[in-house]
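You will see two complexes here that share chain A, one where it goes with chain B and one where it goes with chain C.
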Partner chain A sequence: MTYVGKSIPRNDGFDKATGLGIFTQDVALPNMLFGKVLRSPYAHAKVISIDTSAAEALPGVEAVCTFENTTNKPFNTSATMITTNPGAEPVRDQRVFTGEPLYIGDEIAAVAAVTEKIAEDAVKLIKVEYEVLPAVFDPLEAMKPEAPDVQPEFGCKEHKNVCGEIVEFGIGDIGKGFEEAEVIVEADIELPRVKQAQMETHGAVASYKANGTLEVYSPTQTPHPTKMILAYALDMPESKIHVQNPPYVGGGFGVRIGLSGKAEILAAVLSMKALKPVKIQYSREEDFLASDTRHGGYLHCRLGAKKDGTFVALDTTAWLNTGAYATFGVELLGVCGACGTAGTYRVPNMHYKGFPIYTHQQTAGAFRGFGTPQGTAVVEAAVDKMAQKLGMDLLELRKMNTTKPDDKNWFPFPVGSVAINECIDKAAEGIGWKEKRGKAQSGNIRRGVGIACGTHVSNAAPFCVDYDAVYLRIEQDGSLHIGTGIPEIGPGSTTALIQVACDLLGVPFDTAVMKFGDTAAAPFDIGSHATRTLYAVSQVIRDAAEKIRKDIFEYAADFMGVPADKLDMSEGIIFGEGKEYPLSRLAYEAHLRGKQFFAAECKVPPNSLPWYAQAAEVEVDMELGIVKVIKIVSAHDVGKVVNPRLCEGQIEGGVLQGVGYAVREEMTYVDGKGFYNKGFHKYMLPTADDRPEIVPIMIESNDPAGVMGIKGIGEVGLCATVPAVLSAVEDATGVRFDAVPLVPGRVIDGFKKAGLIK
Partner chain B sequence: MKYVIAQSAEEALKALKDAEGRGTIIAGGTDVMVELHEGERTAEVLVDITKAADLRGIRIDGKEIVIGSAATLSEIASDPIVRQYYPSLCKGTGSVGSLQIRNTGTLVGNIVTAQPAADGAMSVAPLNPVIVVRTFDGEKRLKISDMYVGFGKTALDTSKELVTEIRIPVPEKDEKASFVRLELRKSLSLPMLNAAAMVKYSENKVVWARITMGPVGVGPTRAAAAEEWLKGKELTEENMAEAGRLALKDANPRSNPLRGSREYREHSLPIIIRRVLEDIKAQF
Partner chain C sequence: MEKLNVTVNGKFMSVDVDPELCLADFLRDRLFLTGTKIGCGKGECGACTVIMDGKAVTSCIIPVMRAEGSVIETIEGVSDGDKLHPIQEEFINKGAIQCGFCTPGMIMSSKALLDRNNDPTADEVKEALGGNICRCTGYVKIEEAVMSAAERMRNGETSK
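Coming up: the complex of A and B.
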């Protein structure tokens, strides 16, 4: 392989380093208006009356849209709306605007005006009279019979405030499993709501013309699904809607799998009314308080084992706070159970039950890991407890129970290559496990190490509709052009895919380009989510590359006088039987004769399980309760490394997000006022100065289902950080915390409860 | 809006006078610009003092260290004179905001915005600084305690008055200072608590101590009971811990959804104060 395995500089590097790259906020169209949104100040209320006359009368205002004059067709802002497998129905519980707001921040109305300032002033002129209604904020409270119904129209009819359905599955016989168990432990964990905090806030420019076409620029992670959601919600033909990234996207982390907040549809309805382009750019406050977060909530896990440590039964329940609207609620509870509890260990009797619960808070949806960090946190806590109860080494207990390559586990596809035990060994070695773990300490500053491991997916198929189409063409000078519907949300997927494509085809990287983030660039692709982009799109590129090579060799056979089946190509040179012919020349000869080499392919990719283990070292100030993460060694079975630097970058970014989740980040709800976290100053995202030493380790297990052995890496950097840090803190202090983040107040309370301090 | 780049203190004052109350001084602008943007402050004339030669720089003048009002936090944090006499001031000024903010923000600005836990202001507070203010009529010299009239409220009228410099006495050999910050993260965040102190320690006895802490009141708050109690005492572990406990007498911390509950702050303050004193003791 010429390119795969090399740290080639990213294809978007020049644009981004020079500031020449275009993002949604850079897009400006002629006659463009600016949109601003009126949001509910109440967690649950009914609008008694709304008067927009003063706003409409303000000079410069060109459109005012409210729940009264805008389509009220229910839809779902997330991609799940168009990717739910046949037989199941997506939850459609959102409207563009609402007259009965269900959280502080819910959209009531919006204004488009010639300047942002006028739009802002006009929003303030809208008079709304509300009747405040009772609200519920905690998922367990919301399940009680006396709690107010959050979604009486769309909620699950059988279970109080459950969104969609209760997710339940398993293998074996869980009752029998616990009967066979000789040792049983239980673990609980309470997890916070945290925010993606992607660099670019939600936004969109939508331009609707009187001829019925809609042009949309936005940072969506899924241009094609976004087009389909808009077409459905606005009752327009999909052919008349064009969605594109401009082409760059300032981060995703799952927050815009589907619409970017609600920006596309808000801008679209304003544009349809004004018949001018409308731009909506969320403020950081709106982004924080009125777009999807990670699911917080409660999990409980029961683990049964034989005396020798063999796991025989694992039963987990999750009650997660989905908030006011479903978006990905049901799917996320599924992944929490599948990847978070059913994948890592060989357990013959496994059961999981997940409750996605409606509350009157902002919606929780997709965020890097998508349920896996939650499930992993509680299962790994139970495994640590089991090791203590059995008096076994944490590493040995894990290694003897992890999934093995020939296992058949719950997943409906082969387990594939499995290097999880190697990940555990490498992570432990990197952190200095043998020398550091279990060291008795006194004094105020104490150190400890901990470990956790897990899996995820490399794709969402077959759990939802998830497929890719690409279009490859050889330009008339022999250079490669790849068209895809995927976006580049930052990880370098498009660079890595060009590397793979060039090696599969045998053409030079320097002249290869990819057109991405555009529904017009290629047929359907679900987009960037589920750790899939490199893994899944390389599958379909392989098919198209095979097709195009066959075409090239058949055409070259005549020019070269060598049979097609004797030809091969490398670096753009076709060769065979001692002869060579440049592709550049062949492409032009073909052009002169009215032919271009191209291929379009479409397929559902397979799936592979990426494995990982993370070891953490922490330092704890016992008096003040300050937990500092000093080092994380993150070992990953990535199947095959395509671009080492990009792969390390994915791991490092994920780890830092995981560290924030474990020790600092939390959205805090203040009664009557809503979430306190209106921006970065009020949300303790770690800064570059807070970064611990991060050691990324990549292990190549060559997955049989992956192209060249590739598996996914995208989300997994943060999936084990919470339990690894909790384990390390336990090692340092003797106290096992069952809630994060480990902010000083919580740590001191824990020490008090444990009798360590008065 | 008019933007005046003053080349001297004189020019700045003239520009303020010409603005007739509708002007304000701007140095680094790290707060002024944010407040203007958020609509929390209005001004028709901004008088920029960053190019005024007589307001810049750090120097020794006799027995005093003089810090110009246009000296940036980064300049102070890395200044060899400050580093020699008051490493704690380097630490405090080096803790404000982020590197980018420190590269443009000033220590005087950090005092004038009057936040109770401002790291720069906290670290300078126990050093007995004199704040030199020029008005249309002349000059006045204020103590740090004169600078605050409420939460986030400065005593200074920046439409009429201009801080020209801060004068800090050069410490005697038996005088040492320190600064400690209890933080949730290293940058871009106010601390949960911070404290600073300066102690004159002679023949193993505290001659005097000045201890300031925040956010436990208006501006950097003096731990008067602890200061008084320490007089004449040796800095033993026990005595420093007792001083920490006594600091609570002058502290009224509030709960913050992010930066700690009142309960946690009351738990931590005595420890922070003890550590400030320990740090001082370690310097002797």
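Coming up: the complex of A and C.
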């Protein structure tokens, strides 16, 4: 392979390092207006009256849209809207605006004006009279019979405020499993909401023209699904809607799978009213308080084993806070069970039950890991407890129970290659496990090491609609052009995929390009989510590359006097039987005769399991309750490394998000006021100043289902950090915390409860 | 409107501006220097960092008239024609860029540091970047890029 395996600098590096790359924030169109949104100050209320006359009268205001004059059609802002498998119905519980707000921040109305300032002033002139209604914020409280109904239409029948349906599945016989168990442990964990905090806030520019066409620029992670959501909600033909990234996207981490906040549709309805382009750029405060977060909530796990350590039963329940609207609630609880609890270990009797619970808080949706970090946190806590109860080594207990290559586990596809034990060994070795674990300590500053492991998926098939279509064409000078609908949200997929394509085809990288992030650039693509882009799109590129090579060789056979089946191609040179012919020349000869080489392909990818283990070293100040993560060694079975530097970047970035989750980040809800974390000064993201040493390790297991052995990497850098850090803190202090983040207040409380301090 | 005399990326200009603007909006909306990004509008994330009279500043909280008589450098002025600055090249080569939204601010903070100290310690680099948030990279490769650009600058390389 010429390109796969090399750290080729990313091809958008020049645009991004020079400031010339265009993001949605930079898009400006002629005649453009600016939109601002009126949001509910109450967690649950009914609008008694709304008066927009003063706003409409303000000079410079060109459109005022409210729940009264705008389409009331229910939809879902997330991609689940159009990716729910045949036979099941997506939960459509959102509207563009609402007259019954369900969280602090819910959209009541919006204004478009010639300047941002005028739009802001006009929003303040809208008079709304509310009747405040009872609200519920905690998922367990919301399930009680006396709790107010958040979404009476969409709750499941058996349980109060459960969104859509309970997610429940298993293998074997869980009751029998626990009967067989000789040792049983239980673990609980309480997890906070955390925020994606992607650097570019939500936003969009929408331009509706009176001829019925709608052009949208946005940072969506899923241009094609976004087009379909807009078409459905606005009752427009999909063919008349064009959605594009401009082309760069300032981060995603799941928060823009579907609409970016609600920016696209808010800008669209304003533009339809004003018949001018409208730009909406969320403030950081709006981004924090009115767009999806990670799901917080509670999990409980019961694990049974034989005395020799063999796991025989694993039963997990999750009660997660999905907030006011469903978006990904049901799907996320599924992944929490499937990847977070059912994947890592071979357990003959496994059961999982997940409750996505509506509350009157802002919606929780997709955030890197998508339920896997939550499930992994509680299962790994139980595994640590089991090791202690059995008096076994944490590493050995894990390694004897992890899924093995020929196992048939819960997943409806082969487990493929499995290097999880190698991940455990490498992570443990990298952190200095033998020397550091289990050292009795006294004194104020104590150090400890911990470990956790797990798996995830490399796309969402077959759990929901998940496929890609691409086309490849050879330009008349022999250079490769790839058309895809994927976005480039940061990982470098559009560089790594060209590396794969050039090796599969046998053409040079330097002249190859990919058009991306644009519904007009290529047929349908589900977009960038679920650790899928490199894995899944390389599948469809491989099939298209085979077609195009066949076409090229058949055409070249006549020119070269060599049978097509004797030809091969490398670096743009076709060769066989001692003869050579440049593709550049063949492409032009073909052009002169009215032919271009091109191929299109569309398919559902297989799926592969990306295994990982993470070891953490922490330093704990016993007096101040400060937990400092010193080092994380993150070992990943990536199948095959396409671009080492880009792959390391995925791990390193994921790890630091995991460290934030474990020790710093938290959305704190204040009754009556909403979330306290309105900006970066109140939401403690890790900075360069306080990051730990991060050691990424990539292990190549060559997955049989992946192109060239590739598996996904995008989400998994953070999936094991919380339990690894909790394990390390336990090693340092003897206290196992069952909640994060480990901020000083929580740590001191824990030490007090444990009797370590007064 | 007030008269603003300012040098931006080596070009002196005397322009009428709305004094209520912040420097970032002046650069982005008036001069179309959209390489300077706005991540929070409150000086908390560093995406809008530019160099003003040799110092890295968050341009989203600087009233535009504070720039009177000053010399401003933005991301668009870092390279010399088609020749990238070593910091830009190292950001690209070391994998310090992912989504790219924080990148202009990161490069400007790095340049302000390396222009005055081209032999920084690891801690000095972390400190200089302490006000710039990146949510993608975990900062590892950004710090590597700055160190490696520093080495090239010690060897006499600049873009200008």
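FYI, the second predicted complex is superposed on the first by the 758 of 758 C-alpha atoms of A that agree within 3 Å, B and C clash if a C-alpha of one lies under 4 Å from a C-alpha of the other, contacts with A are read in each partner's own complex, and residues count from 1 in each chain.
Everything below uses one rule, namely that a residue touches a chain if its C-beta (ideal position, glycine included) is under 8 Å from a C-beta of that chain, and two chains touch if they have at least 3 such contacts.
Remember, it's a predicted structure, so these values are computed and weren't measured experimentally.
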{"item": "Partner chain(s) touched by A:T18 [first = chain B, second = chain C, both, neither]", "value": "second"}
{"item": "Per-residue contact with chain A, leading partner among chain C and chain B", "value": "C"}
{"item": "First, second, both or neither for A:E186, with chain B first and chain C second", "value": "neither"}
{"item": "Touching partner for A:H681 - first (chain B), second (chain C), both, neither", "value": "both"}
{"item": "First, second, both or neither for A:R10, with chain B first and chain C second", "value": "second"}
{"item": "First (chain B), second (chain C), both or neither touched by A:P744", "value": "first"}
{"item": "Touched partner set for A:R664, first chain B, second chain C, both or neither", "value": "first"}
{"item": "Which superposed partner A:G490 touches (first chain B, second chain C, both, neither)", "value": "second"}
{"item": "Partner chain in contact with A:D689 - chain B first, chain C second, else both or neither", "value": "both"}
{"item": "Chain B and chain C footprints on chain A, overlapping residues", "value": "680-681, 685, 687-689"}
{"item": "Chain B contact footprint on chain A (complex, rising order)", "value": "623-626, 664, 668, 670, 676-677, 680-690, 743-745, 748"}
{"item": "Chain C residues touching chain A - in the complex, by the definition given at the top", "value": "28, 33-42, 44-45, 47, 74-76, 78-79, 84, 88-89, 91-95, 97-104, 107, 125-127, 129-143"}
{"item": "Chain B - residues contacting chain A, complex", "value": "98, 182, 184-189, 192, 257-258, 260-261, 263-264, 267-268, 271-272"}
{"item": "Contact footprint of chain C on chain A as seen in their complex", "value": "7, 9-10, 12-23, 25-26, 196-201, 248-253, 283-284, 489-492, 645-646, 648-649, 652-657, 679-681, 685, 687-689, 691, 694"}
